[in-house]
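Next up: some structures, all given as structure tokens.
Shared between the two complexes below is chain A, which has chain B as its partner in the first and chain C in the second.
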Partner chain A sequence: MEKLIEQLINGLTVGSFYALIALGYTMVYGVLSMINFAHGDIFMVGAYFGYFTITQLSNNGFSESHPVLAIIFTFLAGALGAALTGVTVERLAYRPLRKASRLATLISAIGTSIFLQEFVRLIPKFGEILASLSIAGKTIFPPSWGNAIIDVTKTFGGAMVKTYPGLLGTDGIRLGEVFISYSRILIMAIAIVFMVLLFILVRYTKLGKAMRAVSEDKDTAALMGINVNRIISSTFFIGSALAGIAGVMIGIFYLQIKPTMGFTPGIKAFTSAVVGGIGNIPGAMLGGYILGLAEVISIQFLPAVYKDTVAFAILIIMLIVKPTGILGGRDGKNKL
Partner chain B sequence: MALLEVKNIKTYYGNICALKGVTFEVNEGEIVCLIGSNGAGKTTTLKSITGLLHPAEGSILFNGRDITCMEPHQIVQEGIAMVPEGRHVFSKLSTLENLEMGAYSRKDNNNIQHDVENVFTLFPRLKERSKQSAGTLSGGEQQMLAIARALMAKPKLLLLDEPSMGLAPLLLESIFENVKEINAQGTTVLLVEQNTKLALAIAHRGYVLQTGEVNLSGKTQDLQNNELVKKTYLGTT
Partner chain C sequence: MSKRFFIIASLTIAMVLFAACGGATPAEEAAPAEEAAAEEAAPAEEAESATDEWGYIVIPAGEKVVVGVSSALTAGYAAYGQDMLNGVTVAIQDFGDLKGWEVAVEGNDDQCEGAPGVTVAEQFSANPYLLGVVGPMCSGTVVPASAIYGENKVLMVTPSSTAVKVTAQGYENIFRIVANDDLQAEVAVDYLMNELGVQTLGIVHDQSIYGEGIALAVQSKFEADGGTVTGFEGLTRGDQDFSAVISTILEGNPDAVYWGGMDAEGALLVNQLRGAGFEGVFFGPDGIKSIPSFVEASGGAAEGAFMTFGAVGGATGYDEFEAKFTEQFGAPVAYGPGSYDAAMIILNAADAVATVDEDGNLVIPKKTLADQVRATPHSGITGYLEFDENGDLKVVSITVFKAENGDLVPVKVYDFGQ
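== the complex of A and B ==
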């Protein structure tokens, strides 16, 4: 029994990651009817921004003296870094192709995904190149700056696995026989808070209503005086920020991050969005938790190596049985 | 100076030339109708004015300002609102939310509530359905909503693209009464209509569009008595 509850909590923790990432897929699909296959990598970028921030904060002792603030700053950095990356990706890789065929956008998304992974991997190289840039035999940056650039870029990116400092340790609370670590509690709570905030935003604010209007009919939305491009940018900003938060969570929870880390959670979050009904916000949340729970339940019965297979089996079954997803509209035209 | 001056605009869909040089004007306070058969270019003209399409040549002046190259959301702020052909209400949004979207570009948030009440007075049916999602309204109610939504922008010029489409005769007349009332309250109206008889009945002046060109214009009485209009658009001789 205790084991079961612990597994359930485990499922909900993993589900929180998937749900947060799935929201980005679903929001972008809702407004643009496209799958942002670079979304998993935007999540990875968020994890790296978080990593950079937390290592800086622990190097100068700030995270020792102000642990709560340090955690908040880390999440903020992850969210903002991912959000700005998402907005830039939309601007440069998707907007010019808005009127092109779906295939062109899909290829652009896959290209962007590879670009982001390679970019993060190569950041230290860029740093070295930048530091050694020279005009007429003289480096542009003075050596002290050059070293700083190399230092910063080395801390930020690179091919090697990076390890988050253990922020929350392994402590937790014990309810009877059930043990729940603080990191799980934090992750589940943050996920819930942001999902509720997102729900309120989309339902009740002017921005949210404009997002729904754009999702339904861009030309008519423009006739209302809505700047459609700005709403699309906001959608990428919000969806990517949520992915960035999930990225920092993964860092805090699993401690290790690497440039290719976005792939598997990305695909699973995409599956979650499809299971819930892509384009549907509560659906993405539901799908995320379903996938998280299915994964931990499967581990009970199947060897752990099948864990990823289960996710894809769910995707395939869902696409056959109800391609519009659990909460998806019957016409297959899901709107935010 | 006319409120809206459309000067020799040519608009293309890819290689297809839909407007071959359309010129007309709308003065402040008028109801002007644009009539013509299917495919004449009426919708294309309205889309060119609202910025959904950009003419390749020619220019459009509104209030003396050149709006030819502006984007739709900027043109709304200049004071032009459109009721698109086929209503295009936001079906997942409630009636009230649709009206709020109509007021999206307005800065005077405090008066919006008051204007919602105003359009509810004009269309009492909408008030009863304010919480209902727009997709579940009847066709006629959706048309009312589309008009009410455009009014929420407080436009100087209201463009209506075939408001009569798919409406029962009784409702049709009441919608046209509404248009007259809106005009009487100070909004200039450019009306595109297939129902030539009704359009000519409420408009002050009219233009006849044929395959992308204006080939007739004048006061509505003159158009009503014109042999070509009678034969082609009114079905009388």
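== the complex of A and C ==
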């Protein structure tokens, strides 16, 4: 029994990650009816922005004197970095193709995903090239700037795994036989807080109302005086910020980040969004938790190596039985 | 229309993921190697020359002689792979010219996987100026890639691949300068039972040829010596959350957990084990003998962990090597010294058998080169290296290390074959 409770807590933690990332998929699908396959990599970029911030803060001793502030700054940096990346991706890779076929946008999304991965992997090389750029034998940047560029790009990315400083430790509380670490509690709490905030934003604010209007019918929304492009940018901003927060959470909780880290969580989150009903916000959260719990419960009955098999079997069964997802609309067109 | 498209797209993505996650199973990876081994048994008919049945490496004046390195240079295991490349780089600096020909190192990224490793093997085999290959780093790479190296008679010396199968395939051009996993498992079980008093053991592995292989070896030895294995679970390389596997393993309440796998997942596993309240012994193989990518990457949780490692430096000439290496790349991680020795073995053998022909080309007979490697004992910085007929070392030692205060401290040395 205790083990089952422990496994359920494990499942809820993993589910929190899936749910936070799934929200980005679902919001973009709700507004644009497109699947943003670069979303997993935006999540990765968020983790790297957080890493850069936390290493700077721990280098000058700030994270030791103000640990709570340091964690908040790290989350802010991760969220903001991912959000700006998401908005830029939409502007450059998706908006020019908005009138093109769905296939074109899908391919553009996959291309963006590869670009982001390789960019983060190769950024130290990019920094070296930038620092050595020269016109007529003189480098464009003075040597001190050049070194600063190399330093920054080296700290930011690269092919090697980066390790977050262990901020939370492995302490926790024991409830009878069940042990829960504080970091788990923090992760679950942060995820729930942001999901509630998002729900309130979409349901009860003017921006949320505009988003729902664009989701319902872009042309009519434009006729009602809504700036559709701005709303789409905001959607990408918010969805990507949530992915960035999930990225920082991964860094703080699991410590290791690498350029390819976005792939598996991205696909799992996409599965969560589909299971919950893509385009539907509570559906994405529900789907995330269902997937997280299904993975750990499957381990009770099957060897652990079948975890992914179970997750994707759920996707396939869902697509056959109810392609619109658990909370999806009956007509197959989901709205925010 | 849109619904159908959506379903197809989702299923495609799901399938891509299955393929990516699963990788090739050991059976699939082993198959080509066995085929090649069968071909090997037939007499080599395509030999061009009467004097060397494997043919010659011919390097014109002005070209560089290449020593290849096949290791993981990106992602999770790059700390090990980069260390190997650095070790070979220092070896080439120390060796200098090969009869007046400049020697260059070429590192290729095999990602510690089968398929990319085969591509690297094909690229190296197609390089006419290639003298030999140091690596591949991982057993999961060596087993499929050795079919290509075997077919093309490329001299291959691996400093780090420990699976028993590597040298058991009958190739005459494949050598290894580290103890195999049977010995590593023997040492691990002996240390666990007799030094640490462990009676119950939970085993986790990463489903690779290397990780699962050593995990199975530890399981059978531990049970043969009267211990109880309370759980045996696999996890997926590249995953980050192992909590479900950990809960299952801890259900058996083991004294110790043995990890069959590499540094990246090992660091996460020990961190999450401690996070789940596990207070017993954590023990692993050479795949976690790394300060930056295991001890430091674990966020402090690796403190007190044990591991076995075969290629410890410290023989004659090691101090000079370490100084030179550290100055350029920082402290060696794990297989840097072994890779130095592997490169030196290749270069010294080439120096002994190479000749310059009338046209001014450097000529190296391939079979003579491999025979030279097998026949000549080498005093390396990791110790005395002499090969048996399989290409394994006659004399090896394995050291048990313990993580203490962020460092790895040797606690016991086991010698074999003396």
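Going forward, the second predicted complex is superposed on the first by the 336 of 336 C-alpha atoms of A that agree within 3 Å, B and C clash if a C-alpha of one lies under 4 Å from a C-alpha of the other, contacts with A are read in each partner's own complex, and residues count from 1 in each chain.
As a working rule, contacts are C-beta pairs under 8 Å (C-beta built on N, C-alpha and C of every residue); 3 or more make two chains touch, one makes a residue touch a chain.
What you are looking at is a predicted structure, and each value in this text was computed from that prediction instead of being measured.
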Contacts of A:Pro282 with chain B and chain C, given as first, second, both or neither: neither
Touching partner for A:Val228 - first (chain B), second (chain C), both, neither: first
Partner chain in contact with A:Pro67 - chain B first, chain C second, else both or neither: neither
Partner chain(s) touched by A:Asp217 [first = chain B, second = chain C, both, neither]: first
Touching partner for A:Lys206 - first (chain B), second (chain C), both, neither: first
Greater chain A contact set [chain C / chain B]: C
In the complex, chain B residues that touch chain A: 50-52, 71-73, 76-77, 81-82, 84, 88, 90-93, 97, 100-102, 104-105, 149, 153
Residue ranges of chain C in contact with chain A within the complex: 2-3, 5-7, 9-11, 13-14, 17-18, 20-21, 73-76, 78-79, 82, 207, 233-236, 238-241, 243-245, 247-248, 251, 264, 267-268, 271, 274-277, 293, 296-301
Residue ranges of chain A touching chain B (in the complex, touch as defined): 206, 209-210, 212-213, 216-217, 219-228, 335-336
Touching residues on chain A, where the partner in the complex is chain C: 3, 6-7, 10-11, 13-14, 33, 35, 37, 102, 106, 121, 159-161, 163-166, 169-170, 172, 174, 179, 181, 183-184, 250, 254-256, 258-261, 263-264, 267, 270-271, 274, 295-296, 299-300, 303-305, 307-309, 312, 315-316, 319, 323, 332
